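In what comes next, chain A is part of two complexes: it sits with chain B in the first one and with chain C in the second one.
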Partner chain A sequence: MDESTVRQQLRDFILEDLIRDPDYDLEDDEGIVSSGLIDSFSLAQIGVFAEETFGVYIPDPDLTVAKMDTLDLMVARILRDKK
Partner chain B sequence: MFTLPDDQFMGLTEITILLIAAFAYILIVPGRWRGWVLLVGSIVGMYWLFPVQNIRWLEYGLATATLVITIVSWFITRPTGKRARKFTNEDRLVVVIVVLMVLAFTFAREVDFLDSLISRPPPLPSVAMALLVVGMLLVLMLRLPPRLQMTFGLLAIIGVFIVIRLPFLTTAAAAFLRQNAGQDASLAAPIDIGWLGFSYVAFRLIHTIRDRQSGLLPALSLREYLTYVLFLPAYVSGPIDRAERFLEDDRALADTRLQDPHRITVGLSRIGVGLFKKFIIADSLAVISLSATLVDQAGGAGSLWLMLYAYAFRLYFDFSGYTDIAIGLGVLFGIELPENFNRPYLKQSIAAFWQSWHMTLSNWAKSYVYSPLSRSLIKQRKLSNGQIVMVANLATMVVIGLWHGMTLPFLAWGLWHGAGLTVHKLWSDRTRKWYRGLRDTPNKQLAWEITGVLLTFHFVLLGWVWFALPDLQSALSTFSRLLGGGA
Partner chain C sequence: MLSRQTRQTYTTLLDAACLQSGDAPVVTFVATDAEPIQWTRRDFAGRVRHAAGQLAQFGIQPRDLVIIAHTQHLESMVLFWAALYLGAIPSMFPTLTEKLDPDIYARNLSELVRLSEVKAVFAASEYADFLRGMLACSVYSDSDLLAAPSVDVQPYQAQPEDVAFLQHSSGTTGLQKGVALSHGAVLNQLASYSDAIQLNDRDVIVSWLPLYHDMGLIAGFLLPLVQGVPLVLMSPFDWVRHPALLLKAFAEHRGTLCWLPNFAYNHLANRVRERDSLGLDLSNIRAIINCSEPVRDDSHQRLVERFADNSLRPDMLAVSYAMAENTFAVTQTVPGHQPTIDRVDLAALQQQKRAIPVEAGVPQVSCGRVIAGSQVRVVDDDMQPLSERHVGHIQVRSDCMLTAYYKRPDLQPFSVDGWYQTGDRGYLAEGELYVIGRTKDLIINAGKNVYPQDVEAVINEIEGVHAGRAVAFGVPDEREGTELIAVVAEVDSDDAAEHKRIKREVRSQVGRATDVTISYVTLVERGWLIKTSSGKIARAANRDKWLSQQTVRSEG
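Right, the complex of A and B next:
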């Protein structure tokens, strides 16, 4: 699974299941948590999604605003352990 | 009554001595020795700060127990298997230094001046015997497989925490200790065991054990681990740093330019701000702050509200002032501790409040309670998301509440905030899109923002009633009086 697939699947999940607005124009470097689009619970949902979809377990202390605020950061974090 | 564990602040004398120590450290200690001086200084400081207890030798025993628990936690969190870290001569040297210090403190009882400095230690043979027994127990524990050691370690830390926080268990433990010390066991009371800084030590230890379990924790030497857990400026009341962040500063100590005038100015001004907030503003507000004594003297609802506002600001200035002092001292010693407050009373939602009030505690709770619990419930797929949010918020805030003290008012305070966070989450999920739309109408947006700040502040304010009063009955009657009813 390459980067663009991970990015697309994650983007779809965030827009449809978390923000619940498929038409929202989400930028790759947009602060999704810091801007209030999603919250701590959504980060836990992203943790489960990454585990079940990509087989990557992101430890809880890494599910923070600083480390997971943008789509870019999330994709990089998932790809780091997906080898 | 001011019942925070954070209540165990250092006084002006202790802060002045630490400040003098910081300057001696900056001016005299060569770079390569700084890490060692921080370790030895933190250990001496911990024994020195421990308040004298009602039970003979207990302050010495508790300080020593803190050292033992920390060393054991280091041992069980060492990397094992393929990435195993071998014991180094430095680790062995640290053990020797610590044991010598613990034994040396017992001689202090023979010297009048040191006797008052190093909290009344027991005679050397008793200490040697106790260390031997502890050592044998440890050898037994360390025969367990690493995973079991960590589980056992976690349970032991939580167990000790419950014993010293749950009043009836604390009393039972105090009675046992009194009997051992040849004192009257019938006088045992929860106040007998005042384990300085343990709540913060426990959080740091749990963080390292959980992070070792998930593979996140970097390999730390014993010196680094002990200094991280016991670093004196943050020992008594936080902030709760993370090991990997502390490690970066600690490993850079030799090359850190501590004599840089800008750095010293930053440290000193931060301490100055903290002293002003804590000793001028907070202590002035204390006179009119809500308390069990003052609540009975309040004339009507107006004066009660005034006391409650005073309490809210006193709490903020007291704790954030103390944090400023700790952070300022950290800067002088070369360790940049994390921030703990970010204008919490000006936030537009209760979720934002908890991201800005005692941030290192709420981040800890998010990482080790909220997030794992939410994830496990999501994966089980038995509850709806709304139900999971409610369970996770209530559980997390109850843990934070009971950490302050295992009493009904703190439980109520935890439930209060857990309920607030749940309602906010459900509300914001339904209104997020509409709220984003407000960007096009700035005046309307501003009005909602102001409403959010006022609502959040007053929700937190009313929550402090649980926090300020010692029992549910007086808290409930205060609520009734605040709303204009009778007691």
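Right, the complex of A and C next:
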């Protein structure tokens, strides 16, 4: 699975499941949690999604706003541990 | 321990176990990325006396109101008790965060300072300088406290009827009503409630709840500290991102009791990863008590199914109906017994306002029986008491009620015969209370009270939205186990790019102003919103209209 596939799947998940608006124009470097776009509970949801979809377990100390606030950060974190 | 039986031996909250000497643990603070910190009674009481001396040096006097607007940490707990020790009136308040608009936060806090004549605000060091420039009172940070000298002070000789502290509900609207509670009322509540949950000296309370919320402040803070029951506390910010932290705390500290709003059951069930819960032993739990938002049977079932392998059982689930105006609990189910499920006919419930039991009916979860010292009645629109299984307004009368809304003589909380109108609707059956809805336009999102008018006020300011033509309401969500927030706003433009801009602004500005997340934004053409005969936006009618269109869309 390449970067663009990971990015697309994550984007779809964030728009449909978390923001609940498939038409939302999400920027790759847009702060998703810090801007209040999704609530901080959703970080835990992203942790579950990353494991179920990409087989990447992100430990709790890495599931923070600073480390996971944008699509770019999430994609990079997932690709880091993805075989 | 404090119970109805020993109640007379306690005069004020300063008789609390946490202010006594000895090595018994008072609180253990746990975090994802740090080692636990544990304080004994000796540690805690010593710090409280020291901080009380610092507050006195700052010029804080008995009966002064102090606001503790901090991150959830041990120091803010000490400040609360230091204020009580000195006879000042503390009130917990949410901290400013990076997510919030600092000017709006400061404006709200400034309004509270002005209305309630606040003497001092305690805030995190990174925000103290900013707040100092915005508020007409003293502001002290953690670093100010580290540096400040202390003097010896004697504990204030409060009278039982003196106001001990205030509880504030959230939002601009909630801030205007500080619930003032006396020492006597709080002790009455703690005594009756301890009896209701059969509190004992083997209990350990685990909590992530914010201390500015009644459930966090009373059940997750004052109850254990007054009773000498160990508290294992964590930050709500930490817990929402890392829900397994709560389960680890149960397993590692042999936790027995916990209070959770309904959404937390879904959050735990959906978002704790298998490997994070593997092997955690939850068998010491006596009761996980569902409180502060509508209780859903399916949320209970999800939690038990998800953690059955960790020895979680259905009889460990309990329910309480509570409100800040009654200090905390009004009712409680019996620990060790699964809450009663009343299956009733939905049409009769909605149309005849009757709860008629039928086998295949919709499940209503009991909130249990009223606790000692409190009374509940259900009345019709003319305030006439109704018999069992008739749905009406829930009213409460008790020995643990608020004294008043602080410095608001214009707001009378009680009816002439002393009943408090809760704003909730429900019915009684076989002596147990079932809460089925609200008459007030309040949204409860993830355990937090959200006033729609606060959200609408933000949206009305957004360019492109017709001022006064926006509505916010709650939508129950099965997956999340809470009400999600939807807004509908009238706009002139039908340009797609402009719609995207407005939607983005709605989400970000509401988030920054009120710290709530909007789940659905719908923009509509002028004239879509239904108004009442007096020209106001009718929230319930617009909610129904929006919901019916959602159904059509998802079916089509």
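Throughout what follows, the second predicted complex is superposed on the first by the 83 of 83 C-alpha atoms of A that agree within 3 Å, B and C clash if a C-alpha of one lies under 4 Å from a C-alpha of the other, contacts with A are read in each partner's own complex, and residues count from 1 in each chain.
Note that a contact is a pair of C-beta atoms (placed from the backbone, for glycine too) under 8 Å apart; a residue touches a chain by one contact, two chains touch by 3 or more.
Computed from a predicted model, the values in this text were never measured in an experiment.
K.L.:
Contacts for A:Met74 in the overlay, against chain B (first) and chain C (second): which applies, first, second, both or neither?
P.N.:
In the superposition, A:Met74 touches no partner, neither chain B nor chain C.
K.L.:
After lining up the shared chain so the two structures overlap, which partner does A:Asp23 touch, if you call chain B first and chain C second: first, second, both or neither?
P.N.:
second
K.L.:
Does chain B (first) or chain C (second) touch A:Ile32, or do both, or does neither?
P.N.:
Neither partner.
K.L.:
State whether A:Leu10 touches chain B only (first), chain C only (second), both chains, or neither.
P.N.:
neither
K.L.:
If you lay the two complexes on top of each other, which residues of chain A touch chain B in one and chain C in the other?
P.N.:
19-21, 36-37, 39-41, 43-45, 47-48, 51, 57, 60-61, 63-65
K.L.:
Under the touch definition given earlier, write down the residues of chain C that touch chain A in their complex.
P.N.:
32-33, 98-99, 237, 240-245, 267, 270-273, 275-276, 446, 500, 503-504, 507-508, 510-512, 515, 517, 519-521
K.L.:
Show me the residue ranges of chain B that touch chain A in the complex, using the header's touch definition.
P.N.:
207, 210-211, 214-216, 242, 351, 355, 363, 366-368, 370-372, 374-375, 378-379, 385, 388-389, 392, 425, 428, 432-433
K.L.:
Can you tell me which positions in chain A touch chain B when the two form their complex?
P.N.:
19-21, 36-37, 39-41, 43-45, 47-48, 51-52, 57, 59-65
K.L.:
Hey, which residues of chain A end up touching chain C in the complex?
P.N.:
By the definition above, chain A touches chain C via 19-21, 23-25, 33-41, 43-45, 47-48, 51, 57, 60-61, 63-65.
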